[in-house]
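Labels run A, B, C and D following the written order; every chain starts at residue 1.
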Amino acid sequence: MAISLRKARTIIRKALEKGRELDLKPLSVVVLDAGGHVQAFEREDGASPGRFQIAHGKAHGAVMFGAPSSVIGEIAKERPHFGAALSGVYGGQIVPVPGGVLIKDKKGAIIGAVGVTGDTSENDAAAALAGIEAAGLVGVV
Amino acid sequence: MAISLRKARTIIRKALEKGRELDLKPLSVVVLDAGGHVQAFEREDGASPGRFQIAHGKAHGAVMFGAPSSVIGEIAKERPHFGAALSGVYGGQIVPVPGGVLIKDKKGAIIGAVGVTGDTSENDAAAALAGIEAAGLVGVV
Amino acid sequence: MAISLRKARTIIRKALEKGRELDLKPLSVVVLDAGGHVQAFEREDGASPGRFQIAHGKAHGAVMFGAPSSVIGEIAKERPHFGAALSGVYGGQIVPVPGGVLIKDKKGAIIGAVGVTGDTSENDAAAALAGIEAAGLVGVV
Amino acid sequence: MAISLRKARTIIRKALEKGRELDLKPLSVVVLDAGGHVQAFEREDGASPGRFQIAHGKAHGAVMFGAPSSVIGEIAKERPHFGAALSGVYGGQIVPVPGGVLIKDKKGAIIGAVGVTGDTSENDAAAALAGIEAAGLVGVV
């Protein structure tokens, strides 16, 4: 199953709504498909200009390695040489802190990832998860 | 004047509507701010995975060089060595065919660019322009 | 509000004057606009040849991430894997030590950044701040 | 002999004055030293954001190859495979159109280069030359 643009829009809107609800700083949200390619992205007014790259790196690492960015962050902390290698093989397009959340369908297949940046990494991840669940999908934080 | 996320959404939606109205192939639309940074992006269902890069390259070249991608395309055809050089200095992030349309405000200041890809370059540019005008802004195709 | 070339010149001259006043080593000073693009740069006689890149990296990281380079430096020290990731997603164009100072206008909007290098990072930051304030703007060190 | 910052400032100011005198579009001017490293740069208000890269590429190719960018442009037109190779070995940092002017001292030694962009390539080169000569140096267009 692919993520339709309609689903991607829902994920982004609901993630941003969650941010407003929790009074977070301006968020940026990207949705990647199962191949790690950009489906949709929005950056809220007031966010710094370089937020696409961070949101993308969180979600891209998650899809490519098959684990949420929080797990990649644990790897990077415990085995820095492996974290550095992942950055190398993925051309630097990996951000190993929470906020890159895998999207699974009801059968458990990974169909993409959401990357959120702007507030604390934990709040970013919470907003991503809220968006995914509002779209009727399963998030792996 | 900056492009608000609200304006960027309008541009994308109206560009995509134009595509449906003209029965174009699935489109991908990016909106960049005046510094060439991604504000919003959407890729329609059925579009190939690598469409973000093309939409981005069209719009990015336009903002950075200060001319629509159609003009950069003329340069690249007439002076291929200059076209290649622009690609070099902008790290390959430039696509010199129509579809990268500058956004100006009412006073004539460049406030960003829209990049559209998916159909013929001319149709891509028409969709971009429709989006920009629907948002009450001025497009330079 | 954009940084005019006139303002950028004032910032650079006053930052260099501060350096002479404090008897600092030869300084290099860059002014970037709100999109992280180079507005003006000067390297004092006696500075090493590769100073543009360092001044640029301090200021570029600040604009793109929306925080002074001192804050990015704290992140890089406390969470080295995140610091490395920022370097990766910004193509290595980030130097996480003090001396990359955000420029805000009177309303609090970020309109660019100044990057200074040549002496200790703290002195670099002091020179940047002096330049920004002499131009009637607000610096975030 | 090195180019002092004072000389570099004179070159930039006089090149910009020439642009105003000839009613050229907003110019950007870089001065590189004999090693191809940035000494000073200014971008006039109204110039597009990506002008540093173009000015730099013109001057950088000139210093590194030891010929003005107009000559490199001839090479690129007549022997495109060589032009492409130069771009490759210099990491894309070369723009083979007029406007990258070598700076020689009175004895004929190359001590740097000026890169100008913003108007036609020929006008860019004329502004660069005017700046170099106003500083009492010799330009090779």
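Methods note: contacts are C-beta pairs under 8 Å (C-beta built on N, C-alpha and C of every residue); 3 or more make two chains touch, one makes a residue touch a chain.
These numbers come from a predicted model, not from an experiment.
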How would you label the chain B and chain C contact, same or different, if same means the shared numbers make up over half of all numbers there? same
Averaging over Cα atoms per chain, report the distance between chain A and chain B in Å. 25
Quick check: how many Å separate the C-alpha centres of chain B and chain C? 31
Whole-Å gap separating chain A and chain D, where each centre is the average of the chain's CA atoms: 43
What whole-Å value do you get for the distance between chain B and chain D if each is reduced to the mean of its CA atoms? 30
Contacts with two or more other chains occur in chain D at residues 49-50
Make each chain a node and each touching pair an edge, then name the shape: line, ring, star, complete, other. other
Go ahead and list every pair of chains that touch. A-B, A-C, B-C, B-D, C-D
Residue numbers on chain C that touch chain D, as the complex places them: 2, 4-5, 8-9, 33, 35, 37-45, 49-50, 52
Report the residues of chain B in contact with chain C in the complex, numbered from low to high. 33-37, 91
Given the complex with chain B, which residues does chain D contribute to the contact? 47-50, 53-54, 56-57, 73, 76-77, 80, 83-84, 87, 92-97
For the complex, which residues does chain C have touching chain A? 34-36, 63-67, 79-82, 84-92, 110
